[in-house]
Amino acid sequence: MLKTPAIVLNVKTYEEAIGKNAVSLAKSMETVANETGVEMAIAVMDTDIFRCVNEVNIPVFAEHIDPIKPGSHTGWTLPNAVKDAGAVGTLINHSEHRLKLADIDACLSFAKDFDLDQIICTNNIKTSMAAAALGPHFVAVEPPELIGGDISVTTVDPGIVSGSVDAVKTINDSVGVLCGAGVKNGKDVQMALELGAQGVLLASGVVKAENKLEVLRDLASGC
Amino acid sequence: MLKTPAIVLNVKTYEEAIGKNAVSLAKSMETVANETGVEMAIAVMDTDIFRCVNEVNIPVFAEHIDPIKPGSHTGWTLPNAVKDAGAVGTLINHSEHRLKLADIDACLSFAKDFDLDQIICTNNIKTSMAAAALGPHFVAVEPPELIGGDISVTTVDPGIVSGSVDAVKTINDSVGVLCGAGVKNGKDVQMALELGAQGVLLASGVVKAENKLEVLRDLASGC
Amino acid sequence: MLKTPAIVLNVKTYEEAIGKNAVSLAKSMETVANETGVEMAIAVMDTDIFRCVNEVNIPVFAEHIDPIKPGSHTGWTLPNAVKDAGAVGTLINHSEHRLKLADIDACLSFAKDFDLDQIICTNNIKTSMAAAALGPHFVAVEPPELIGGDISVTTVDPGIVSGSVDAVKTINDSVGVLCGAGVKNGKDVQMALELGAQGVLLASGVVKAENKLEVLRDLASGC
Amino acid sequence: MLKTPAIVLNVKTYEEAIGKNAVSLAKSMETVANETGVEMAIAVMDTDIFRCVNEVNIPVFAEHIDPIKPGSHTGWTLPNAVKDAGAVGTLINHSEHRLKLADIDACLSFAKDFDLDQIICTNNIKTSMAAAALGPHFVAVEPPELIGGDISVTTVDPGIVSGSVDAVKTINDSVGVLCGAGVKNGKDVQMALELGAQGVLLASGVVKAENKLEVLRDLASGC
């Protein structure tokens, strides 16, 4: 399982993170992880899991799995295949890939069967509690109004982090909370951790940065 | 809100419950409710809510609502319209109409805004806990293996009822549990209540019965 | 089947067209249809089909049907029920309710089984041709960039109408084309008909108008 | 573009075709393609495209693409990434992964932008005509009743093949037809080609065969 505090990067389907660029980004993360000792993981497109796993030594996650067993499911993401390609974890229910409640539960079971770390993404305190009831490793709270924007969650709405941490603990105190939006720099990371989060999940702020090493080092400095 | 213990009938899209047949079925329930004093509610197709509300005096539910506000949503089920047609409650996330977690949460908020009773359907103890965390009036547990079959839940798997009741209470003890599958007769109803349920949600056993009054009276006898 | 030229109004899930307001709107259309002899049809929410059919004498459409037979389909829209409630036709594949290709085909078959008029909505010339290959009564072309806006399709992009008419005819010349967006007034209707359309499908321009009778009379004047 | 006649294998999410087993299967196809000169292509899971492309020299297809551009689409299949990983084509709208009509059209455009061969899967003659109107390289007809079974399409229902070929030609005679179900052996391939198909799309018959080389050689003998 991910060591905490953890910095998890979701490269989505950004043009800057396809193929060799995904590998290059993962290498930058590996560099900073080695320099600082901070746990850094990357979630990449299915097409790039195998490449990243084989060329870089940091935890590689899938961005999604489908709740299916081997069989007739053309074009869906098989948990077995994600594991076989070398992923050690997966995002589940990202805001851009919402799942039915029963399917979140099923994905969680499949992930556990394959010893994949599980990060369930949620959009508010209520759904964070619901996700916590299912028992994943982490819940990543992503308030929709903060995703992709320039706003810092901890400045504008620190209550969403501390409130989620508290609410999640009342349901299941073995579940960690990641701050899933509004994290731009080391100061945001530090604040998220102070508010009780065990890490952060971020995307465009790193993927689209001119100087990725610099941004990653700044983020790591917050841990 | 529904008085408990409650018998809730979901007519799905059965041929036996379209239009005037839905009204007729609702009238049978009204008859037995009046005879026995047992709370009986019916969930009907959108097309039949207005008719049933205007011709029968029992609580009428929608089978589903979509998480939408008035606007550009052609062909979806608007909570405002369900309320306007006279429904007093709604099923949410039925096994035949699963919703994304964030949408269950949104549907619940819309239902509360319109003072509609909320029954969230779930498939196991974990998802019942997750649903309870959202705070509906009721969670109806429907183990998939029992839906539509001839098996009695309380004989085969009483633990799913008592386990759900216990688990739901640990999360939010103001949430009631309905036994949502495997209920065929008054004895099943009685057992479900003894196991801690506050009512039952059933479908084909009534809708497809030759003698509906007889089946309804038997079910009511279990309360 | 609808007489042509036809003016079809889709009330979507607008607040101004719920329940008695849907009935009132349908009555305004009936008034203008009677005054002018122009065919006017209204597509309303499922919850309002029965009321409109029973209180107004113009063709009432469903906004959508699901490709299902009677059975276990909680909360979905059953073609049989739409027919039973009195609808004489249905929109299929509206831009706000897109369907899988195989489901459009299945919906079309169900609609034919129940003698419901079929209007398949499409977004460009290619998909209009594809829809025409399935053999509905009408294809309504709605270029996404024009939906809900203030732009007149016939001014800005008359080619989408004449191009769709021509393309549809090459595939199946028994299929009529409706101009499904960018129609605001009688002049737009007239132009759409001159470009080969057999009618128009519109929404907010009527539903949200202060003086609905005035707008409807103006639209009718274009026929 | 694929040379015809072509034998296209869809490995779905079968356990027998994950990771190194997908590579091994592709190598068997390469062997038989080299022996016989018959065009053989393999559609594999996203996680295995890169591996297969780098270890085997036959055309590798994706099983599916999503109609998206680079950006914020966590966990979906980006056409750019599929191309970058080395795929030369893609299935679209497989029976296990049906798409909305507008999305089939969009996927086709994306595939063309990336010079990916396009095979749109369909379920009957009508939807084959609709797909042909969109202008893909191939339409693969898969009658649902034949998928995964032991029945030979050309014995039981040769009309679905010849009828689809004829119907597709009336719409767009540059579109090829693949026989997408009910093909088990070389004789079936031969019959499919005689009925006008330009190839076959198959799955379990090869993936689950004890002796894959033998089955592949038999299939090739039908060309």
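Miscellaneous remarks
Chains here go by letter, A, B, C and D, matching the order in which they are written, and residues are numbered from 1 within each.
In the analysis below, a contact is a pair of C-beta atoms (placed from the backbone, for glycine too) under 8 Å apart; a residue touches a chain by one contact, two chains touch by 3 or more.
Since the structure is predicted, the reported quantities are computational estimates derived from the model, not experimental observations.
Shared contact partners of subunit A and subunit B: not a single chain qualifies.
Subunit A and subunit C have Cα centroids lying 44 Å from one another. Chain centres here are Cα means. That of subunit B falls 34 Å from that of subunit C. The residues of subunit C that reach two or more other chains are 95, listed in rising order.
If you draw each protein chain as a dot and join the dots that touch, you get one closed loop, with every dot joined to exactly two others.
Residue ranges on subunit D touching subunit C, taken from their complex, read 93, 95, 98-105, 122-124, 126-127, 129-135, 171. Taken in their complex, subunit B has these residues touching subunit C: 10, 12-15, 18-19, 43, 45-51, 62-64, 68, 70-78, 80-82, 84-85, 91, 94-97, 147-148, 203-204.
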